[in-house]
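Next come the structures, one after another.
One chain, subunit A, links the two complexes that follow: it is found with subunit B in the first and with subunit C in the second.
Coming up: the complex of A and B.
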C-alpha cells in the first residue's frame, strides 16, 4: 500500500480520541492544539450520519495554540485553559487531549494535568498525538488512559456486581450505527439478565466509567476494545470475553450468551425464553420478505469495504443467511505493524472471503472493487463514484455515510439483522427500478409518437427494436459477469 | 503598495492589524479600532475554531481543474470529506511520527506525481499544515524539481494553522499564490467582462447574483471559487472587479487593480434590499447602465414592499452573528422589519472592514459586540444577559443559543444574497418564530451559571508582547 493516501476517510488519533470523549455524557474534552485540529473532525463528521453531541464543534474548549506556543512551549497556555475550562464549562470529567503540535514541541501535558488534579478537580489526559495513528487507535488509547487515571480523581468503593458487564470495541461515529448498536446490545443483554456499562451515547456517561471497576466481565467486540479491558483486568481482575464482532441475528446472539455463560452464570430459562422470542420476531419478519429475497436474487457476488468488525459481522450474515458470495473485502481500520493486539481474526476473515485487502487509499479500493466481479458493493459513500462507474448497487454500511441521518438505527443484534435486510432490499429494488426506467426511456425514444402498427411496417424499426432489447440485456449480462 | 514581492502573504494581523478577541460594546469597539493600528488581545479561555488551513482548502477545493494535496498528518487530510458529494478527489501525504523526525519530502514528491498522473489537473496546490511548518520541510525544492518534469504549476499554499488568529488569512494566502503564480502577468488586451470575486459564497448565492447581473446584461466570471485555472489566469484581462464579501476578497481585488490596472469597484455586500441595490447601482454606474439598473431596482422594490410585513419582528430582541461585512445590511433589514438589534458577533475587525462599524451608528451605541471566531461561551453569556429572542447566525452549531432561551435563525444552507435573499431571510424568520420555545430544554446547556453572571469580557486580556 502506498504511503500517500487518496481521499483519506478516517481522520487521526486525535480525532478518534476527541469523538470518543464527546460521546461520553458528562465528559468535557479539552484539545491542546492549534485552533483547527478538532474543527476538521467536526466539519467532516457534520456531513455524515449521526448528528452532534452537546460538546461538539465550536463548543469544544481548546487552547487554540499560536506561534509563540510552538516556539516557547504551550504548557502554561494549557494550564490557563484547564483552570478556566473548569470555571466556565459544566462537566463531571475533563479530558485533556494532545496533538501533533504539542507532541512535537514537547509540552509537559501530564504535569499540567497533575497540578490541577492535586487541587481535587476531575481531570485526566491522554498523550496520543494525531500522527500516532488512526481514529480507532485514538479511541483505544483515550479509553486506556481514562481507566488508568479516573479512579484517582473519582473515588468510590469497590463492590463487584455479579451480572454487570463492560462493553468495549464499538467506536462512536466510526461505526455509523454505533448509537443504535449500543442500544440494541443493551436491550439484548437486559433480555439475557445482564446489566451493562455502555459508556457512550444516550445510555452511557461518566458514571459508567466510575462503575466499570465493579463489573464481573468486560466484553470486547473488536480488537479496538482490548486495551481498556486489559487495564481493568490488571487493576481489578475483571475477566475479558473476546468476540470478533457484535452479534447479528438470533444465532449469533445465542453464541454470545454461551460465551458470557462461561464467565457469568446466566439464568437458563430466562435465556431460553428470550432467544425464542427473538427468533420468532426475526423469522416472522424474514418471512414477510421471502418473496423479495428470491425474486431480487439477493445471493449476489459482493465486495465489502469496512472495519474488520463490520466485515466479520455483516459478511458472515450475508454469506450464511442470504447466500451472498463475498468475493473481496477491504479492511479500513487495519493495524499498523507495531500495534500488537491479542486477537487475530485472520482465520475467521478467511471463512468470509478469500481475498482480504487492507488500506484506505481510494484508488486501490476502486481497483479492488473493479476486479472483484462484484454485483453489489457494501461500503461507504466514498464508493459512490466507483458504483456509478461500474453501474452497481451500493449499500452504505461503513464510515463515511453522507447525507443520510442515522440516529438510533442498528445494524447489529436482531433488529440490526432486519434493518440490514431492509437496506439491502431497498437498494437493490431502487437499482432494478432505475434499470427498468432506462429501458422504458429507450423504448419511448425509439417509438416516438408512432403506433406499433405504423412502426411494424418500417424496416428501420427492426434495427431500432434490436436496440431496445439489446441494451438492457447487455447491461444485465455486464451486471452478472 | 503591492505585497506581491513577499514570498508569502502576511497574516491579517500583520497586514491590517486584525483583531479577533474583543467583548464589549459597539462604542467601545469603535474606540478600540479607530487608531492607525489595533491593539492585539488574547483569550485566556477559548473554544476551538476554524483556521486558515480549513479556509484555504475550502476555496481551492471548488476550483474545477486543480488537484489538492494536504501536506500533513492524516487527520489534516480529513477535511476533504466535507466535499465528497462532488466529483472530487484529494490526497494526504499521511505524515507519521517518523516523518516528523526525518522530514516528509519523499512523500510529498510521490503525492505530486500521483495527483498529476491520476487527475491530469491544470495546477497542483500543496496545502501546508502544522507538522510541516514546525518541521520546516523543504517544499520549494520539491516544487522546483517537479515543475519542469510535469509542466504544470505546482503551487505551495503557505498555511500552517498557528501563525494567524484570523482564518480569513487562508483566503489571503490563496490570493497571494494565485496572483504570484497563476494570473496572466502580461494580458494582451482588456475583455468586456467583470471579475466577481467569491471566496465563501454558496453556489445558490452566486446564482442569485447572476440573476441580477443577467437582468442588466453584464458579462462576468466568478473566481476563484467555482472557477477554472484558465479563468483565474484571465482575471487580469477583466474590465473591472467586484467583490461579494469585501473583507474576504478585497485583497485580491486591490492587488488586481494595483498590479494589473483592473479597476476595483468598491461596493457593499449584496445582502438585503439596500445592500443589493447599492451593489448593483455602483456597478451599473461604472458600466454606464444606470437607467436600466434603476428601472430594475424600482420594479423589485415595488414587489418587495407588497410582499413583506414591516411588523414581523415587532418587539423582538435580536443578536446577529455574521461576517462583519454583512452585519450592517442585516441590521438595517431587521430594524425595518420592526426588530431591535441588541448585539452582534463577528469573527474579526481590521483596518479595512472597520468602516462597517460606522454603518451601525443607527443602533444604540451600548449594544454588545463580540469579536471572535466561534467562542460560543461568550455569545451564550451575551444572549442570556440581553434576554435575546432571536439569534441570527451564519455559522455552524448555532443551536446552543436555544439553551439560553433564544430561537435560532440560521442562514446556513440558504441563499441570502441579492433581492431574492430578502425573501429567504424573511421566510427564515417566519419559520424560526414558529419554533420559538419548542426546542428549549433539550439540554441543560454547557455553561455554568457562575460564568453567565460574570462580565462577558472576563477572559479577554491585553496581549503582552
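Coming up: the complex of A and C.
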C-alpha cells in the first residue's frame, strides 16, 4: 500500500537534467514534453534559490506536445522544434531533453538528433525520462549522455593537460550554494596550481565539456557524478578521484591536495604557501569570534537534514571545529529503492552521527527532529515549521531555501567555512535576541502590586522561555492563578 | 452517458483469429433482422468493417484528428450492408506513437460528436485488437462504455492465451463498473477435439460458449468478394450459424466475471491437452478402453 509523502522536496529526473543544462553557458536546452514540465521546474527553483539562468522557465525551447503527438508520435514535431530553435537561439551546443510521455510513446529522439547532427549542427540528446528518477539522477544521466556524444559533434584534437581536472558531483540549483561553491573550489584549485573544468555557472560552459577529455583527472565530490567520470575514464582513460564531499576548512583542503597529489604531482612549495595563507586567513577570522563561539554556546546538539554530501561536509566541520554534537542526520538525496553507487560513505557518515535516516517525507523528518534532543536544526526552509513549533533556531543549508537570495555565496572551501560560521552565529544571535525580546515583553506585563505567586509564575515562564511559542497575554497569566 | 443508448458490445480476440469477420457477420445479421447497428473498429489496422462496406475507402477517426480540422460524423462514418454504420478508429503508422491512446482519443471523440444520440443504435459493436497490450486497449471495457464483452478464440493455445489475458482485464475492471463477459465465440472449429479444448477452457474459467463457428470455405470466398457471408451467401448454412450467434448475443443477459487461469495453471492445462492430442493422433488407448 502506498503512503502519503508530505512535502517531497525533490523534482523528477527531467528537472535535474534541465537545471543542469540550463547552467551550462552556451548550451540551449530543447525540452520534448507537454507544456509545463519546464515551467514547473522554473517556478520551483526561481522561488527557492538563486534566480534563473538565461534559458529557463518560459524561454525554454520546447515542443509543447499535444494529444496528437502522443498518438501519432512526436518525433517530427521535435525535428521542427530543433530546427526552429537553431534559427532563433544561438548556441554552442543544443541538448535535447526527453520527457515521460515521449519515453512512453517511444519517440525516436535519437534519430531526430542524428538527422540534425548530419546537417552540421551541434546537437546531443538524453533519453532519460522524468519517471526514471530524481533530479540527482537526472544530473548524472544528462552529463553521461552529453559526454557519450559531444565529441562526435564538437571535434578537436586530444591533448592531455597535466594540471587540468574535471569537477563533478555538485548538482546545480539542488545545492543552494552550488555557484559559490564551484567558484570557491576553482579558486582553491588554482591556488594549488591546478586548472579546472567546472562546467556550470559563471566560470563554466560548453568549452569545459569539449576540453574535459584533455584533463588528467576527474574529481567526483559526491555520490552523484560517478557516471560522467566513468565515461571519461572509459573513453579517454582519465583517472577518477572519489571524494565523499567538497572540502570545508583548510584542513580538508589539505586532504584534497594530498588526494590529488597521488594522481597529479603538485608543486610542493606552491601548495605549502597556499595552504599557509589560507590557514592564516581562516584562523584570523575564526579568532575574531572566539568569544562568541563560547558565549553563544555553539557546541549544541544538532540535527542535519541535507544531501549526503552536505551532511558529510557540514556535519564533519560542525563536529570537529565547533564541537557540535550531531544527534541525527537525514539524507534527502533522491535515491531509488536499493540504488547503489561506486562509493559507499556509510562508514564516514557513522563517524558524524549514530542516527542516520534516509527519506524526504516531511512528517517523518519532523518526527525525527522532535524525538532528537536537538537544540539547533541545520536543514531547509521546509524545516521552518517544526523549528517554530519546537522553538529551535534553524540554519538553512539545503534545498529548498525560500527566504534568502543566494547568488555567489559559498558554504564549502575556506570562504565557505567562514560563511557557515557567520550564518550559524547570526542565526543563534537572532534566536537569542528573540528570546530576550520575549522575556522583556513578559516583564513589561509587571505593573506592580502583583502577588508573590503571580511574579513567581512569570519567572517560571522566563526560565522555560524555550518552550513558549506564543507571547503570554495578561489574561493568560491571570488564568494561571 | 452515451452508453445508455443501445446495447454496447466489445468483441476481443487474438490478431488474425477472425474477430473482424465474426463481428461484421454479427452486425450484418443484426441489420438483416431489422436492427440499427454501429460497428466501430478499434484496431490501428482499421480493416474491421471492410466486408460491410465492400472495401470502399473510409477515413479513420484518428486520420481526421491528425488533420486537426473540425470533425463531423459524416466525415468518419459510412453506411454499409443493411445500413450498418461503419467507423474505424485507426491509429498511428506501425512502430510510432501510441495506438492505445489513439483508441482512447477516438472513443472520446465519438462521444463528443454525440454519435449515439444522433444515430440511435440498437446495437453498437466494438471490434478490438485483442491482446490488451496496454490500458488503451481496455478502454472499451472500462468506464461503462460497453457493459459486455465477447472473445473470439480458436482452439489454438495462443488464441486461448489471449482470451485468458482478456479475462484478467475484465476481472480487474468489472468491480469498478467495467464490462462483464458474455461468452467465448469458438471460431475456426474443425472436426475432432477442437470443440473439446475450448469447452474445457470455458469450464476451467467459469465462462460459457456463445456459439461455435465452423471453419468454412464460404467465409473465405465471401471475404475475397469483399462481403460478409450474410450478404454474399445468405442461404448458406454458415450464414445461419452467424444469425444464430447474433441472436444469442442480442438476447444473452447471462454475464459473468471470469476466473482467469494463472500462468503456471494455464501452462499445465495446455500441457495436459498436448498429451491428450498426441494420444488421439497416435491412436493410444487410455482409461477403461485400455483393457479391451
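Here is the rule we use: the second predicted complex is superposed on the first by the 439 of 481 C-alpha atoms of A that agree within 3 Å, B and C clash if a C-alpha of one lies under 4 Å from a C-alpha of the other, contacts with A are read in each partner's own complex, and residues count from 1 in each chain.
Going forward, contacts are C-beta pairs under 8 Å (C-beta built on N, C-alpha and C of every residue); 3 or more make two chains touch, one makes a residue touch a chain.
Every value quoted in this text rests on a predicted model; they were computed, and no experiment measured them.
Peer 1: Please work out whether A:391 is in contact with subunit B alone, subunit C alone, both, or neither, and reply first, second, both or neither.
Peer 2: Neither subunit B nor subunit C is touched by A:391.
Peer 1: Go through the superposed model and pick first if A:131 touches only subunit B, second if only subunit C, both, or neither.
Peer 2: first
Peer 1: Touch test for A:75: subunit B only (first), subunit C only (second), both, or neither?
Peer 2: Only subunit C is touched by A:75; subunit B is not.
Peer 1: Touching A:67 in the superposition: subunit B (first), subunit C (second), both, neither?
Peer 2: Both partners, subunit B and subunit C.
Peer 1: Once chain A of both complexes is superposed, is A:265 in touch with subunit B (first), subunit C (second), both, or neither?
Peer 2: neither
Peer 1: Is A:104 touching the first partner subunit B, the second partner subunit C, both, or neither of them?
Peer 2: Touch partners of A:104: subunit B and subunit C.
Peer 1: Look at the residues of subunit A and decide whether subunit B or subunit C touches more of them.
Peer 2: Between subunit B and subunit C, B touches the greater number of residues in subunit A.
Peer 1: Would you check which partner chain A:430 touches, where first means subunit B only, second means subunit C only, and both and neither mean what they say?
Peer 2: In the superposition, A:430 touches no partner, neither subunit B nor subunit C.
Peer 1: Which positions of subunit A sit in both the subunit B and the subunit C interface?
Peer 2: The answer is residues 67, 69-70, 104-105 of subunit A.
Peer 1: Which residues of subunit A touch subunit C once you look at their complex with the stated criterion?
Peer 2: Residues 67-75, 104-106, 108.
Peer 1: Which residues of subunit C touch subunit A in the complex?
Peer 2: Residues 62, 65-66, 68, 91-93, 96-99, 101-102, 105 of subunit C touch subunit A in their complex.
Peer 1: Can you list the residues on subunit B that touch subunit A in the complex?
Peer 2: 43-51, 53-54, 73-82, 84-85, 87, 89-97, 99-100, 106-107, 110-111, 114, 118, 130-131, 134-135, 161-163, 165, 167, 373-377, 395-397, 400, 443-448, 450-451, 459
Peer 1: State the interface residues of subunit A toward subunit B in the complex, per the touch definition above.
Peer 2: Per the touch definition, subunit A meets subunit B at residues 2-15, 31, 33-44, 46-48, 52, 54-67, 69-70, 80-81, 84-85, 87-90, 99-101, 104-105, 129-132, 134, 362-363, 381-382, 385, 400, 402-403.
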